[in-house]
Amino acid sequence: MNTVLDPVLVAMPDVQSSADTRHIAIQRVGVRGVRHPLLVATAAQPQATIAQWEMTVALPAEEKGTHMSRFIALLEARRAQALSPAGLAQMATDMLDQLQADAGDLSARFPYFLEKSAPVTEVRSLMDYQVCWTIRTRRQRASQFSLEVQVPVTSLCPCSKAISEYGAHNQRSHVTVRLECPAAQAPALDTLIPAIEAQASCQLWGLLKRADEKYVTEHAYENPKFVEDLVRDVAVMLQQQPGVQWFEVEAENFESIHNHSAYAVVRSA
Amino acid sequence: MNTVLDPVLVAMPDVQSSADTRHIAIQRVGVRGVRHPLLVATAAQPQATIAQWEMTVALPAEEKGTHMSRFIALLEARRAQALSPAGLAQMATDMLDQLQADAGDLSARFPYFLEKSAPVTEVRSLMDYQVCWTIRTRRQRASQFSLEVQVPVTSLCPCSKAISEYGAHNQRSHVTVRLECPAAQAPALDTLIPAIEAQASCQLWGLLKRADEKYVTEHAYENPKFVEDLVRDVAVMLQQQPGVQWFEVEAENFESIHNHSAYAVVRSA
Amino acid sequence: MNTVLDPVLVAMPDVQSSADTRHIAIQRVGVRGVRHPLLVATAAQPQATIAQWEMTVALPAEEKGTHMSRFIALLEARRAQALSPAGLAQMATDMLDQLQADAGDLSARFPYFLEKSAPVTEVRSLMDYQVCWTIRTRRQRASQFSLEVQVPVTSLCPCSKAISEYGAHNQRSHVTVRLECPAAQAPALDTLIPAIEAQASCQLWGLLKRADEKYVTEHAYENPKFVEDLVRDVAVMLQQQPGVQWFEVEAENFESIHNHSAYAVVRSA
Amino acid sequence: MNTVLDPVLVAMPDVQSSADTRHIAIQRVGVRGVRHPLLVATAAQPQATIAQWEMTVALPAEEKGTHMSRFIALLEARRAQALSPAGLAQMATDMLDQLQADAGDLSARFPYFLEKSAPVTEVRSLMDYQVCWTIRTRRQRASQFSLEVQVPVTSLCPCSKAISEYGAHNQRSHVTVRLECPAAQAPALDTLIPAIEAQASCQLWGLLKRADEKYVTEHAYENPKFVEDLVRDVAVMLQQQPGVQWFEVEAENFESIHNHSAYAVVRSA
């Protein structure tokens, strides 16, 4: 449809384009909770997933409103393309052009899968992780990329092990890493996730046979970790990651002896 | 306000009261997701909590609509009253009168707290549970009461314990009991919940000191239970509860070695 | 791995296979909350999505436990296959064999997308819906398939329109249809969803330009519907669907004038 | 129990108190997701509600772990006390003492109710809001209080009204205000919430009769607001609030014509 020549549209008032007199610039305006398929570019073939998108631009004080439909048009135009962090950065630049904006943020939150081999039987299965990519773009400046990944693991309590005759309480924990780096140097999920998992009392698998279950039980018992140990050990690992400019590590243990969580956060200096 | 004499209202069309020609009776129509304070009547003093209400009535085929505001008026009229299952049954009868309906359902879902003593130090703290009361009422028939309570516990895996040199994976589990009984004979939450907790590998507490943590760790290790054991042991307990006409027990173990749950359901015959 | 000859496994106790003496059969035991990619077979090419699976079997009173890992193995074995309701029924039959069970349920809940054209400009975009497929299988009996689909729409209040000088409150609503039919005769989502949407005050789109927004605003105003009208009109449509053996229609209006929902349910006779 | 003299405890290893050699200070460690009753101090009598607590302290690089049970003990010790923002600040100071920490954060998230009169009939009912109080405390420094409140309102689209012959799409919106101020000068919820509601196309009520519904429909139609207008008008109001040192206003419109939200954020300079 050629919107320029359409007489119906020409006749319609364009309320968003009128002037605003409140002298208040808006840092971010756009769409949120947009569920859309996403093809994640990986070293192997692209992975098809479903993302929740948030897409916003800055609006100067004198403009009344943004044009919401252009965000969705931008998403639709890229529907079949495999996307990497660098591709997301390009998409954010295009968003500034199409929305005639000076700054804007793009974020996509999606489940991501790794295929893993069980530790003893080596039977293969998928594990799911929650990932969020965010680009913050300003005209004439380098865009800022941040990666968030939530990795479910096992934690086993060192105190419980030390004070008990036998056993030790353990539970599922969520380790959430947020890091900033140039989009082109984003660590691959396929290497970052295992590096995070290696810091836990034990990693998780979708499919475990009995020989594997024996292994994970004993491995966790041999590697007790407080929630404090979890965030510190992941932080030590991230300090050695090339390209990482800032990071935050959060761990939440869904304590098996309480109905609340133990929780810790550590940030890079 | 006297709605009968109000000339503004008299002049307003009452669309809900017009006739319907589709020949489709509606089993349930009303309000949902109504958040409102609730005073739960207990053996001791009433407990103040916050409930999510769902309130519906049946609508005959020939009526176009119900009067939604009357549900909220009913709730407001009882705001300061302590409510028991029997009181909820009376409220449901009043609802039929005020909505001029032949059948109706009332349900309130709310957090409920018990004060517990830690197993060794006896230090006291609150534990929270999720409870749902439901009344289904039909004119000229006894109303049907159902109670749902979700009890968080520890489960420790018998297989993991049996095959491992040391340790055993354990995790938080949710045991959800749904039962039907006459409203006047509803089991007290303060006795039902501990009876459910007693079937787990170990119960949970808000506050545990080190001597308590040693106890709960060892107690869970001494009482391994599969998700199947959990639902069966709770079912055996419920079979012996007086007044229970029907029950369903559901257990979900948030497995510490997987990113999914083990799950079981058993129903009374 | 050949589990039969593995000496480690042979030596391991198989706790699940021991006998149980509580005389309580378990209706459903298995896994829940398993997130796994799903290829949905459609008339066109398969649609890649992400499902939440629940997989359970019945366990006789005399058996202690089921074998949880076999559920995940079943899922992994079908990872790359496009699945239809009939394919799910076959998968459920295979599950009974592999778990040596007499009854079992399989359910997959997933987002599903339709490509739609805006009503005036015909610009194309995706709309997302939440779908759940469930198969209940018993040996020597026909399996039972049920389909649930949640369709977001607009509802505009007839009472508000009738009593107001101008305007009428409207809001997003969720229409949830659950129906049972033979798996091989399941209605195609691509025709069922539009048939549901046609009953609302107006359907939704991902991308609307101004000429479209004018259309949807006026179309909703011309088609006011109570929550009661929504469920009745969808029920009338479903009564005419071939192959449907049972249905339930639920509508929830996230009222724009309240902080709670209007809600209705109608079931087939 | 006198823990000092208890020979069992004396003999127990205190793993948390051992030294750490990773040279990583932890910004925040503690408990999360603790559900506990809360008495909110108000100008009138205290309001009983249920809060979700998060309680954390900073941990120096050389300490291995914090003492999680002390957070819950702190909460239990204040169970029956009505709490204001200033009381929360005192509680945070006590937390630093009891945890022997130099910095710490306390946050409580809870539903809060206001009693409102319908605009025409003046019938009274409760409306619920989501509130979060947070205190950040550092030794030898003034603590920092922040208040978050989520206010559900109606928004009516100015573009839809301007381009349509009749009607205008409208929907429920969430306006979330976060502000920082000295705890002793925190604005009362009972005046802040109405001041936010006054900026919307229309506020919401729990209970509305037909004369009220006519009013809210017409009032919203007379006050169309984009998501941009909502955040700007709330920002103008907040600029005039005494004591507010920083604020952020977020609005999310659950668009009745889309299955996603329109969204805007504005922050104080």
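Each chain carries a letter (A, B, C and D) given by its place in the written order, and its residues are counted from 1.
Please note the rule applied: a residue touches a chain if its C-beta (ideal position, glycine included) is under 8 Å from a C-beta of that chain, and two chains touch if they have at least 3 such contacts.
No experiment lies behind these values; they were computed from the predicted model shown.
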| Counting only C-alpha atoms to place each centre, which chain is farthest from chain C? | D
| Of A-D and B-D, whichever chain pair has more C-beta contact pairs | A-D
| said: I'd like to verify one number: the distance from the centre of chain C to the centre of chain D, where each centre is the average of its C-alpha atoms, in whole angstrom. | reply: 35
| Computed distance of Cα centres, chain D from chain A, in Å | 25
| field | For chain B paired with chain D, centre-to-centre distance based on mean C-alpha positions, whole Å | value | 27
| When you check chain A against every other chain, which residues touch at least two of them? | 12, 34-35, 128, 159, 163, 206, 208, 210, 214, 259-260
| In their shared complex, at which residues does chain D touch chain B? | 1, 3, 6, 8-9, 12, 14, 34-37, 48-50, 69, 72-73, 76, 79, 111, 113, 121-126, 128, 206-211, 214
| remark: So, in the complex, the side of chain C touching chain D is made of residues 127-128, 152, 154, 156-157, 159-160, 163-172, 202, 204-206, 208, 210, 213-214, 216-218, 220-221, 254-260
| remark: chain C residues touching chain B in their complex are 12-13, 15-16, 20, 22, 24-35, 54, 56, 59, 64-66, 68, 158-159, 162-163, 226-229, 231-233, 235-236, 252, 259-267
